[in-house]
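Have a look at these structures, which come just after this line.
One chain, subunit A, appears in both complexes that follow, with subunit B as partner in the first and subunit C in the second.
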Partner chain A sequence: MKISEDTLKIISQLSKLEIEDVMKDKILKELESILLMVDKMNEVDTSKIKPMSHPLNQAQNLREDIISENIERDKYIKNAPHSDNGYYLSPKVIEQK
Partner chain B sequence: MSTNSKSFNWEPVIGLEIHVQLSTKSKIFSNAPTEFGIEQNLQASIIDLGLPGVLPVLNKKAIEMAVRFGCSINANISNHAIFARKNYFYPDLPKGYQISQLDDPIVGEGSVEIEIENEKKLIGITRAHLEEDAGKSIHDKYDNSSAIDLNRAGTPLLEIVSEPDLRSAKEAVCYLKKIHSIVTFLDISDGDMSQGSMRCDANVSIRKKGETKLGNRTEIKNINSFKFVEKAINFEISRQINLLESDNFIEQETRLYDSQKDETRSMRSKEHANDYRYFPEPDLIPLEISNDFIQDIKNSLPELPDQKIERFCSEYKLNSYEAEILNSSKEMSNFYEKIAQSIKNTKLIAKWMVGDFSAILNKYGSSVEESKISCDDLTDLLQKLDEDKISDPAAKKIIEILWNENITVEEIIERENLKQISNEDDIGELIEKVIKENPKQLEQYRNGKEKLFGFFVGQVMKTTQGSADPKVVNKILKDKLKQ
Partner chain C sequence: MSNPTSQSLIEQINLLEKKEISSLELTQLYLTNIEKNKDLNCFISLNDKALEEAKKIDKLKERKSLLQGIPLAHKDIFCAEGYKTTCGSKMLENFISPYSSTVFDKLKKSNSIMVGKTNMDEFAMGSSNETSYFGNVKNPINKKRSPGGSSGGSAAAVRANLCAFATGTDTGGSIRQPASFCGITGIKPTYGRVSRWGMVAFASSLDQAGIFAKSAIDASIALEIISGFDEKDSTSINENVPKLINETTSEMDHIIGIPFKLIEKINDYKVKQNFLDCIDLLKKNGIKTKEIDLPFIEYSLPAYYVIAPAECSANLSRYDGIKYGYRCENPKDLEDLYTRTRSEGFGEEVKKRILIGTYCLSAGYFDAYYLKAQKIRARITNSFKEAFKNVTVIAMPTCSNEAFELGSIQDPVKMYEQDIYTIPANLAGLPAISVPSGLINKMPLGLQFIGNHLDEGKILNISHEFQKITDYHVY
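Right after this comes the complex of A and B.
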């Protein structure tokens, strides 16, 4: 299956990865080989098999609704490149308002 | 479309997606608190922040609440629910994805009944699924940065998706109110729209009457009051009609409602439509919900609004309009039933609660919970009315004063001189005096000018400054004028 340059552009935008021009061919080939593998897997007849979302045949353990988290904001916030007065700061996100 | 005839009968087709914050103590995937109005980031735990290496663990209470909702709308509850990652990039979503559900949501198809203009209508609910809320971005605090508060991140949300069964903005509001009353009666959310506990997106399209195919739809995002839902949808309907009638087409897009300008605006900011790249959440294995668990919840469901409305009609002899308004919120119906314990005249309580009490709540934009008039005060007031100790106009006046001052009903009656004179002897004396002072009118009345009856009533009311009981005045006056 062929991947167009436009698709590659969208994928890189979605994944927030910048792909240099010199890398494009290599990455296109790699992505195509992944899709080839998927095609290969699709050859297997799975029509009689129940779909499975997770490899473990187990059920979720649930938590009681209690508050027990110790929140150390000032410690966590040191991980952020920018912060002020208990807020995390990000580059301005301008929504069309 | 080649037809040129304008102004068809257009039919709006509307579906709502309602986000309800569940009132768990802790978040859906972490043990951090979910309170509203806490100082920024003081309830954002390492899980809510999406720090590397943390794992979400599901809150049992959130599951229980979702199942409660499902049972109350007669929906299928999934025995095997799956969580999914919805990927998008925004600063108030620290993980870069929201844990939500796509296939196998916890609540499947169900329905609720709404009543509009005395007609009942069943509204289909496609599904309801659990997900986590995002944080908040504040854009006007800093010149060059957005401030991020992640306190809300991880608050459990139930997203309730309706079928496109609604045909007008009024129906949409009616349906939204119904969902609001169900979730508050179930105690699974405080339903406070002003604090964002309940928010709604509206999908709106129009088509010619009789057409079965759906037109292109737009989605109006994040509407946060009943009033705005109605206004936003109405604006959108007429915008779409204008476009189609001038031979334009409707672009499928997301729009934002601006309540100040009362209009919707396109939010389109990207070339590409959102591509959420959903996939099963690897950090959460499937959720098994046993039939026993579901049955237990079914058995413990409280009385729901519809059942309560029916009971109010039969037990308190109310009409369905009164019963409906009194059950528009849990607090309202509790208020009513509390008063009904001490006053037998249940119609009178209903009349005043649906009328003047609701009116003053509206006037001050207040909910029953925030009411400045306590249940005891209202009981006092209605008791006095029921015993004819005050008149209707006096009661209206007292309600307004009760709201604005910290004072008892008794004190207001005293201060404002609102005591109703209903003693027949007292009123008889007053009437005799009025008759004596107006011999000319008496003569005319007795000669057949019966219209003058009103004149005498007016005179009696005037001398008592409106505090005479009009029922008693009417009765005695009739006798006295004949003598």
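Right after this comes the complex of A and C.
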């Protein structure tokens, strides 16, 4: 599978990653070689096979919907790079007119 | 008395029980070894409270667990409240866990002592330890060689006697390949056997925690403690955990399944010969073998390199520079914050896998890649199911080579091929173990046993049988 520079641009935008110009050729080449290896999958007939998402085909466990612990806001927010008074800070997203 | 740090876990437990050594003395000896072997770069951080904790443990009147007072190391992927958990990444360089993983909690409750947190490939993505933001670990047997990855720090730490045993995680071979490279025992249990709560996520349907130790017996003791149902992990298995040390040492009748078609294709004749010699040795000791066929197993690598990156791209979307972790300087808007934080915070291999995953999951490609890979996963799992109708365990090499020189593999696909024999067990969720099987080119090699779901006891048992008739695990 050939990946175009445009496709790389789209997937890097979706991934919120910036690829430096000097790295583009190397990344494109590596992604292509990985996808070439992956394309071997097409040799397998999977027409009547159900996709498997859990290795033991087990349903997800659900627990009772009751409060199990208290949220300790101060403790958790300590790891935030920027916070104020219990709030996470991000750049402004709404512009003033 | 020889230095207790070079003894097995079971011998150390014996010394502690008889009070021939204190936990403080043992911990101090390990810390001395760690200091002397700094150049191996096994640890990302050390526990500066280790001696204090050991002193407290020594004051306890009763021994409540076999592991009481035993110094261990955790892969730096397990959250431990109040300690740094970096996952080998710049993104989490300063992250202090506000809660503990179930694995950490269980070992803490067993009164063992954490000496430190071990180095690893960034977000567990790598097979050489070279993707760690904190520099690679060196193989203690030959410092020019890779210790394997991603749990290379844990494997090297056990091999170099820097801890009695260590935890690790295995998504595609990250416990078994480093165990093979460092000449120790490494076990990945059944998917869901050990809780993933508090274990930094890479590929959630494949990630599983396990143990590095000097022998199958040692591994059985630690594995039993970390295993068991946990309602905090929605994929945890609600099944009782047997007394693993008893299963390891009991009499069992085995029929080892050998996928000869796969073995014939091994390129390196020394690796092939090593494997066949091991099987001959087991046969000579009265253990039965049977040829098995594992159709579709050669499609494990392609299926894995769709599923793992796809799940990685979803899991790693949480690193946004807002809630925790690295944040870029002076973002001009939210988009810039996200993009620069992630571009500066992630290393090259992680970015590559996020891109692959995003591509495979993007509109128009989902069916062709992710869905197709999940169907192949079902076929591979079925071929194991068929095989286990006739055999108790399956044997194959852990790796197609011994530890390679650091920096010698640059092609990503060549690096991914490191895991061709380990990935199938992850896709099928099966327990698998690597035990030392001798040396080639003066470096250790591993023999892998794969068991049916929940059969950790059987693979530990056959590994113990093998270790009774070999001394490759003694050094």
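Quick note on the criterion: the second predicted complex is superposed on the first by the 93 of 97 C-alpha atoms of A that agree within 3 Å, B and C clash if a C-alpha of one lies under 4 Å from a C-alpha of the other, contacts with A are read in each partner's own complex, and residues count from 1 in each chain.
Basically, a contact is a pair of C-beta atoms (placed from the backbone, for glycine too) under 8 Å apart; a residue touches a chain by one contact, two chains touch by 3 or more.
Predicted, not measured: the structure shown is a model, and the values here were computed from it.
Participant: Going by the contact rule set out at the top, does A:Leu14 touch subunit B (first), subunit C (second), both, or neither?
Facilitator: Both partners, subunit B and subunit C.
Participant: Which touches a greater number of subunit A residues, subunit B or subunit C?
Facilitator: Comparing touch counts on subunit A for subunit B and subunit C gives C.
Participant: With both complexes superposed on chain A, which partner does A:Asp84 reach: first (subunit B), second (subunit C), both or neither?
Facilitator: first
Participant: Going by the contact rule set out at the top, does A:Tyr76 touch subunit B (first), subunit C (second), both, or neither?
Facilitator: A:Tyr76 contacts both subunit B and subunit C.
Participant: After superposition on the shared chain, which partner residues are touched by A:Lys40: those of subunit B (first), subunit C (second), both, or neither?
Facilitator: After superposition on chain A, A:Lys40 lies in contact with subunit C alone.
Participant: Contact-wise, after the overlay, does A:Leu62 reach subunit B, subunit C, both or neither (first, second, both, neither)?
Facilitator: So A:Leu62 meets both subunit B and subunit C here.
Participant: Show which residues of subunit A both subunit B and subunit C reach, each in its own complex.
Facilitator: 10, 14, 16, 53-54, 56, 58, 60-63, 76, 79, 82, 88-93
Participant: Help me check something: in the complex, which residues belonging to subunit C touch subunit A?
Facilitator: 95-96, 98, 190-192, 205-206, 231, 233-238, 296, 299, 301-303, 305-306, 313, 317, 320-327, 331-340, 342-343, 346, 351-352, 354-356, 358-359, 362, 369, 371-379, 381, 411-413, 416, 427-430, 453
Participant: Which residues of subunit A touch subunit C in the complex?
Facilitator: 3, 7-8, 10-12, 14-19, 27, 30-31, 33-35, 37-44, 46, 49-56, 58, 60-63, 72, 75-76, 78-82, 88-93
Participant: Please output the residues of subunit A touching subunit B within their complex, sorted ascending.
Facilitator: 10, 13-14, 16, 53-54, 56, 58-69, 71, 73, 76-77, 79, 82, 84-97
Participant: Give the list of subunit B residues in touch with subunit A in this complex.
Facilitator: 24-26, 30-33, 39-47, 49, 51, 57-63, 82, 87, 89-91, 103, 137-139, 141-142, 144-150, 256, 258, 265-269, 272, 275, 277, 280, 282, 284-288
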